[in-house]
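So the structure is just underneath, and the comments pick up after that.
A, B and C are the chain letters, set down in written order, and residue numbers restart from 1 in every chain.
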Amino acid sequence: MNRLSWFNTVSLTLGFAFLYIPMVILIIFSFNESKLVTVWAGFSTKWYGELIQNQAFLDAAWVTLRVAVFSSTLATILGTAAAYVLVRSGRFFGRTLFSGMIYAPLVMPEVITGLSLLLLFIGIGLDRGILTIVLAHTTFSMCFVSVVVSSRLVTFDQSLEEAALDLGCSPAQAFRLVTLPIIAPAVISGWLLAFTLSLDDLVIASFTSGPSATTLPIKIFSAVRLGVSPEINALSTLMIAVVTVGVIAASLVTKRAMMRQRQDEQAAARTE
Amino acid sequence: MRRALLIAVPYVWLLALFMVPFFIVLKISLSDTALAIPPYTPTLDLSGGWAGIKDFFSQLDLENFVWLTEDDLYWKAYLSSVKIALISTVLTLIVGYPIAYAMARAPEEWRPTLMMLIILPFWTSFLIRVYAWMGILSNEGYLNQLLLWTGIISTPLTILNTNTAVYIGIVYTYLPFMILPIYSALERMDGSLIEAAEDLGCSRLQAFWLVTIPLSRPGIIAGCFLVMIPVIGEFVIPSLLGGSGTLMIGKVLWEEFFSNRDWPVASAVAVVLLLILVIPIVLFQRNQQKQTEAEK
Amino acid sequence: MNATIFAPWDDPQAKPLIQFRNVTKRFGVFTAIDDLSLDIYEREFFALLGPSGCGKTTMMRMLAGFETPTEGHILLGGQDIDPIPPNKRAVNMMFQSYALFPHLSIWDNIAFGLRRDNMPKPDLEARVEEMLRLTRLEQFARRKPHQISGGQRQRVALARSLAKAPKLLLLDEPLGALDKKLRQDTQFELMDIQEKTGTTFVIVTHDQEEAMTVASRVAVMDQGRLMQVATPDRIYETPNSVYVADFIGDVNIIEGRATARTEESYQIDWAEGQPPLTAKSTTALATGQGCHLAIRPEKVTISAERPADAINAIQGEVHDIAYLGNLSTYHVKLANGTIIKAQTANTRRISRRSFTWEDPVWLSWTATAAVLLEH
């Protein structure tokens, strides 16, 4: 099947138009001169200028970034450990409960997670702030990390680890020198996923943040509740740009690596 | 020893920050509202010893749950959440299936790019993707401007702050969750199966109905659950795109908690919501398990 | 006996079931089938044999309707079938991957095609049961394809494609996924079923032994062209080209120059210091024309002394012995370095074998043993 039928072409065209047109409109109108966001009044970057001077947004962005870095790093460590336990540890007491606790947060409505964590923090008298958001984000994003990492671990040839042990590694060395380098791509994408989830989260952060720590989604949400604003368009454009560059760069890197591997394999085959 | 530690750390973390909070929610849902900090009673006082614990349990009751059944706001909200979730799941399937199908039939060298294009919106902020529709669907928004300009309509349509806008928002934001599992099911399918069906006398359409659809069923089921379960508890979409007529339980819970500061009722709402979700979650897990077993 | 020999291809009155008329198939710049004409007759078991990429699968897919000829026409029962889509053709195909529907039971897989024809339920059930009996699958009817063995899957695929009683059954490497022992058993089973049902079979294979075993006629293909179409014994005994001789079985090829001696008898000079060889041939060759001599190893006799009455005899020494159990193949090295293979049946125990490594031996064969081929 080398060519697409007209039906498939139409599906793809309409589908991608539906996915991308709203964002394209958003980006175009972030450069609108007018305060009225639905009327085009000429090109301008003034909203970006105003955005940079908006201290409240900058503070919120800084909080969000710190929360995302801390929580995703913590979630990656915990999630990788959890994946390793799930795939490699065999039977242990409460294994079913453990795997249930890994998978349940993936589909749990955010309002419930947020509410329950808030009630916990109040119950133990923890002041709400950056720390509580980090704890909350770590909890739900470690589950995503562990799903990503365990899907890689399942396809991992266990004899590699056994070979390392056979050659004199301790289990910890075998993990560090053999397992980790091989599952590294999955761990990295797990980290990126956790990072994005944290940057993105509104509901859980709203429950677990205090007056001292407002994240960017909370700030955006309270702004857009009042309607469309060009400043938010500008902010959205910046966020879309960062993500697009990141995703394209990541896919180019993996594609390059795959192509290099294929070339090397072909070259090796020729020398036979 | 090391193994025990490796198991214990994530285990304890999840117990403390996932399981324990649920029991707290359950407990508070059985408590009464109080004008205090925290705004509910009773509070567990372990210094009172056994009598204190007994006293604590004796004060718990199902009052809040009774309240949920009496005020029709709540059960209407549950019903309408489930209804919105079901309808939007079907809509997402109708929109997503042809896209997944076309992706699976596309030349192999295009597929990674198409995949990336599907995943890319998923990485951008959910909030921003919902927000983008506010400008499109409002009365003086781009869609109305386009329709007025082409002369299809003469007065602007009211779409924003209606259930229609909620459906559009849900289909838009949850589309990748539907496409990806269906795509992976279709892509694995052996192309000679379709040829075999045609060889045995099927028309194109019959082959699609009798072979392609049944073989992509695990993907369809997974996609539907991945959309339906989170949509039932959705908060952002109904509160930004929906109107006063849009009743969704996530929004009710939020308002109960933040506006009315009625923690026990909010907790009771959460408990019931969780009970509703248990069924589809269990079904979803079973479907996934069956699929992983089939692949072995 | 002589009246019952099945050979419609020798009968000028016989009407072919399938006719390829100057068929060419191109994929972009690549020519898969090059101006090919071929007749296949009813009740034939016809084998398309060739290395991968020779165009045999393309031929089959054109018959099934998944590809259409770029030029030329394919006729089925005298009717041009090019415009008929695959689902409307009285042709069924057994896929190389079997293509069994994984979501349907064996029973439903076999019934699949019949249901498309809206066959009445009792007839359909009877037909499916008949197919299950024919392929000895009765006790697996309720199972799903992943619950049965490879050999059973192969039989399900066969039953499914035969269920609609097609005029023509196409088999794409039907035994490729089976191990050797099972493959041999299944070959006879296929022939049996073909005979019982009277269906015309066209089989695609790259395994020459398989083609020779099952087929009434074999077409040897190379690079989109037919090299030779004939019965297995003629393909083996009188190949028409070095390509066919080399592709089918083991052969010694000797290159030389022919000189006509008497009618149909030629002298071949082939190497300095070696005696000329004698071969009979019906093809006329000019004197001094380059030629090839193809000799099957089993037609070469090996002996310690020069046989007195041998027409062709050359001397060498045993270089290698391949012991195959029932047969032994001797690789004999001549003085000029050429290796000639000779095969003998092992009628005696190995300890009493007449020759061993580095023994000087004589190789001999008759004038009709070798096939003389033009360049």
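A few points about this structure:
The definition used in the following text is that contacts are C-beta pairs under 8 Å (C-beta built on N, C-alpha and C of every residue); 3 or more make two chains touch, one makes a residue touch a chain.
What you see is a predicted model, and the numbers here were worked out from it, not measured in a lab.
Path length between chain A and chain C in the chain contact graph, taken as the least number of steps between touching chains: 2. Greatest Cα centroid separation from chain B: this falls to C.
The greatest number of inter-chain C-beta pairs in contact is found between A-B.
Note: centroid distance chain B to chain C, computed from Cα atoms, is 60 Å.
For the pair chain A and chain B, the distance between mean C-alpha positions equals 18 Å.
Residue ranges of chain B in contact with chain A, taken from their complex: 2-3, 6-7, 9-11, 13-15, 17-22, 24-25, 28, 38, 95, 98-99, 101-103, 105-107, 112, 114, 116-121, 123-129, 131-136, 138, 140-142, 145, 172, 175, 191, 225-226, 229-230, 232-236, 239-240, 250, 253-254, 257-258, 263, 266-267, 270, 273-274, 277, 281, 284-285.
By the touch criterion stated above, chain C contacts chain B in their complex at residues 64-66, 85-88, 91-93, 95-97, 99, 101-103, 112-113, 116-117, 160-161, 164. Of all residues in chain B, those touching chain C in their complex are 190, 192-193, 195-203, 206-207, 210-211, 214-215, 217. By the touch rule above, chain A contacts chain B in their complex via residues 1-5, 7-9, 11-12, 15-16, 18-20, 22-23, 25-26, 29, 37-38, 78-79, 81-82, 84-85, 89, 92, 94, 98, 101-105, 107-112, 115-117, 119-120, 122-123, 135-136, 138-139, 142, 146, 171-172, 196, 199-200, 202-203, 206-207, 217, 220-221, 224-225, 227-228, 232-233, 236, 239-240, 243-244, 246-248, 251, 255.
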